[in-house]
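Multiple structures are listed underneath, in structure tokens.
Look for chain A in each of the two complexes below; its partner is chain B in the first and chain C in the second.
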Partner chain A sequence: MHDLYTQESARLLGVAKRIARSDALAEDIVHDAFIKIWTRAGSFDPARGTARGWIFSVTRHLALNFMRDNAHIIQVSEQSESAVLAEAALDVATEVDTFEYRARSGRIYGCLEQLEPARRNCILHAYVDGYSHSEISQKVGAPLGTVKAWIKRSLVALRECMG
Partner chain B sequence: MTGYPSKDSADELDALASEYVLGTLPAAQRLDVKNRLVTDADLRAAVDAWEGRLLALTELAEPMTPSPRLWGRIERSLTRHDRRAPVQTPAVKPHAWWDLLPLWRGLAGAGLVATLLLGSMLLTRTAPVNPTTYLVVLVAPQNQAPGWVIQANNPEEIQLIPLGATQVPTDKALQFWTKADGWQGPVSLGLVKPGQSLSIPVNKLPPLQPNQLFELTLENPNGSPTGKPTGPIQFIGRAVKVI
Partner chain C sequence: MNENSVPPDETPDLLIAEYVLGVLSREERDRVEAMIALEPRHQRAMAQWQEQFAEWLGQLPASSPPVGTWGRIEQRLFAGASHPPSRASGWWNNLGLWRWTTAALAAGLLASVLTLQQPASGPGPALLARLDQSDGNTLFAATISPDRRGVLFVNTHHADWPGKSAEAWVIAADGKPRSLGLLPANASATLNVTPQLADLLASGAVLAVTLEPLNGSPNGQPTGPVVAQGKISSL
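On to the complex of A and B.
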């Protein structure tokens, strides 16, 4: 278990931190993830994917569950909200990529390349930042319905691209 | 995005799975999918496929070094969980993951080594802690007055403890002997000073037996010249197992 920790804890913590937006919370999540991985190692089925993938999935979903379950408590403060909106307006206006995704290898990045930047940002804000539809809508400055539709279509496009 | 019929078309199922993995489902629907994953194999397969597709995106989150305390916390919680020994029965192929994951195999191997190590330590350590204990009371043959006690609660040595002062002529010495059933003759355990406790290593002798004879005889100052008791018996007793 310690080997796993040495190898992956920093990356797992990074993933949890992005979604939970708090160092302490991220450590709680990684802690819980390790306990879950340990107690459920016996139920892991390799037919369902790699062990490494499983560990990241467990961590991400714990973080997402926490954020969704506490969505009514965690509110974007007014100041940061306006900052987010300003940033979002910039994103849409210039179609700037918010994520440094280009230098990455992996099939997903090639497929993301084929999406429009605004839609690509929606997908990445959702997956990496753990943003909800409405948070993404604020972030990219597009109507909620538009964001939902973009994401839905982008996922279908990714599915077609990746197989 | 509300209400998914129980019989989703393949596309709807895949859309649901993709949004679950992406993280954009509202809390109630997330929970719904989570519950369905337990029983719905198609949904599970769709979710797993999406987990695989999007996994590489985790690289976009900057790694963050955990605080030094985190591992300690995890370790403590794991220890607690181990004591509770949660029984997780794998639904399918109970050992399949074992063969494919050096990670878990190494983990289990380390656990096994630790278990064996601790187990063998425990075994070798418990032996002296709880051995068969013997007690011998040596009495004077004439009046049955107890003169010495022998304690043997350690396979390495026995202790001879005087119960009172013993008078020994100045030109004589007390010699300590033992003989178990089946032995050719008594074996000397050395000379004994009257009134003094004595620890005698017995690791070269066979293990103590019930009823094993112990005696103190009066011999020359340097001990019996023949290697066998020659003088009169001063004290004698037999080993009794202490329960």
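On to the complex of A and C.
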């Protein structure tokens, strides 16, 4: 277990910090994640995915549940869509392109490329930053329904692309 | 186009994708988890999305936890295991301890699988097998330890046959089944493997589980029906 910790804790903390946006909180999440990984290792099914994928999922799961439980209720104002969307797309695009996801060869990157930049960035924000529908909606200044529909369509497109 | 309309293909798979992506509220997350728990098909869909998305996480900057974190984890794990055993029963009857030991074994195997996933390290490829029922549903996931001296069987479904014992077998190229031992009902277990059998645990060999009389096959050969089988493959 200590080997697993030595090997993976820094990467898991990186993931947790990004979602929790607080060092202390992220450290608590990694702590809890290792307890869970230890006690639930028997439920890991190698036939369904890699061990690394599983421990990342355990950590994200804890981080997301914590963030959702402590989220402030976000009031989404019904703004005029088109005015904010162009601005939002630019705003989000410049921020997220620092992921350099293009450099990767996995099929999912090719499929991401096929999405419009604003939608691609919604997906990346959701996954990497752990933003909820409402948070993305607030961040990009688009109505909640729009963001939900964008994400659904993007996921459908990704699924079709990846077969 | 009306941006607020929900696409017509609002399928469970899409909901699972949203769950894995992480955009759902806590209530929605709980609902999707309950739905996934009931259906192996959904579990596979979830794992698939997780694997596909997980690549993005590898690009985040790593950040070493402060020195004390491991100590806190260790303390918590040991504290959880030290239920004082009752006077009436020996330590070997302490269910908490056994659960803990099983978890420790499983965690150890998980660590070894991960170590082997590191490029250019480890003595050889990790060997795994998925043991499916005749209807295609996976009943056990088997992980073979790197030194091939142990096989961890994890049941992925309810696995309990009253009045019978489930016995695990390895079938090598010669087609002859050799017993690996008995599997407990509804629990994961690591079966120890003799050096002679260890050599047979290779990619392409088959692992199978049969139902035998209580305490196992009387003649060293499978006598009952095969409940699950699958080929060993390297990671």
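In this text, the second predicted complex is superposed on the first by the 137 of 163 C-alpha atoms of A that agree within 3 Å, B and C clash if a C-alpha of one lies under 4 Å from a C-alpha of the other, contacts with A are read in each partner's own complex, and residues count from 1 in each chain.
Heads up, the rule we're going with is that a residue touches a chain if its C-beta (ideal position, glycine included) is under 8 Å from a C-beta of that chain, and two chains touch if they have at least 3 such contacts.
Owing to the predicted nature of the structure, the values given are computational and were not obtained by experimental measurement.
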Simultaneous placement of chain C and chain B on chain A, clash or fit: clash
Touching partner for A:Arg153 - first (chain B), second (chain C), both, neither: second
Partner chain in contact with A:Ile35 - chain B first, chain C second, else both or neither: both
First, second, both or neither for A:Pro143, with chain B first and chain C second: second
Touching partner for A:Leu13 - first (chain B), second (chain C), both, neither: both
Contacts of A:Gly53 with chain B and chain C, given as first, second, both or neither: both
From 24-32, 204-212 or 222-230, the chain C stretch with C-alpha clashes against chain B: 24-32
Intersection of chain A interface sets (partners chain B, chain C): 1-5, 9-11, 13-15, 17-18, 26-27, 30-31, 34-35, 38-51, 53-54, 56-57, 60, 64-65, 68-69, 99-101, 104, 106-109, 123-124, 126-128, 130-133, 136, 148, 151-152, 155-156, 158-159, 162
In the complex with chain A, residue positions of chain B that touch it: 1, 14-15, 18-19, 21-24, 26-27, 30, 44, 48, 51-67, 70-71, 73-74, 77-78, 81, 86, 88-94, 96-97, 100-101, 103-104, 106-107
Touch list for chain C against partner chain A, complex: 3-7, 9-10, 13-14, 17-18, 21-26, 29, 43-44, 47-48, 50-66, 69-70, 72-73, 76-77, 80, 102-104, 106-111, 113-115, 117-118, 128, 130, 138, 141, 143, 154, 156, 188, 235
Residues of chain A touching chain B in the complex: 1-5, 9-11, 13-15, 17-19, 23, 26-27, 30-31, 34-35, 38-51, 53-54, 56-57, 60, 64-65, 68-69, 71, 99-101, 104, 106-109, 123-124, 126-128, 130-133, 136, 148, 151-152, 155-156, 158-159, 162
Chain A residues touching chain C - in the complex, by the definition given at the top: 1-5, 7-11, 13-15, 17-18, 26-27, 30-31, 34-35, 37-57, 60, 64-65, 68-69, 81, 99-101, 104, 106-109, 123-124, 126-128, 130-134, 136, 143, 145-146, 148-153, 155-156, 158-159, 162
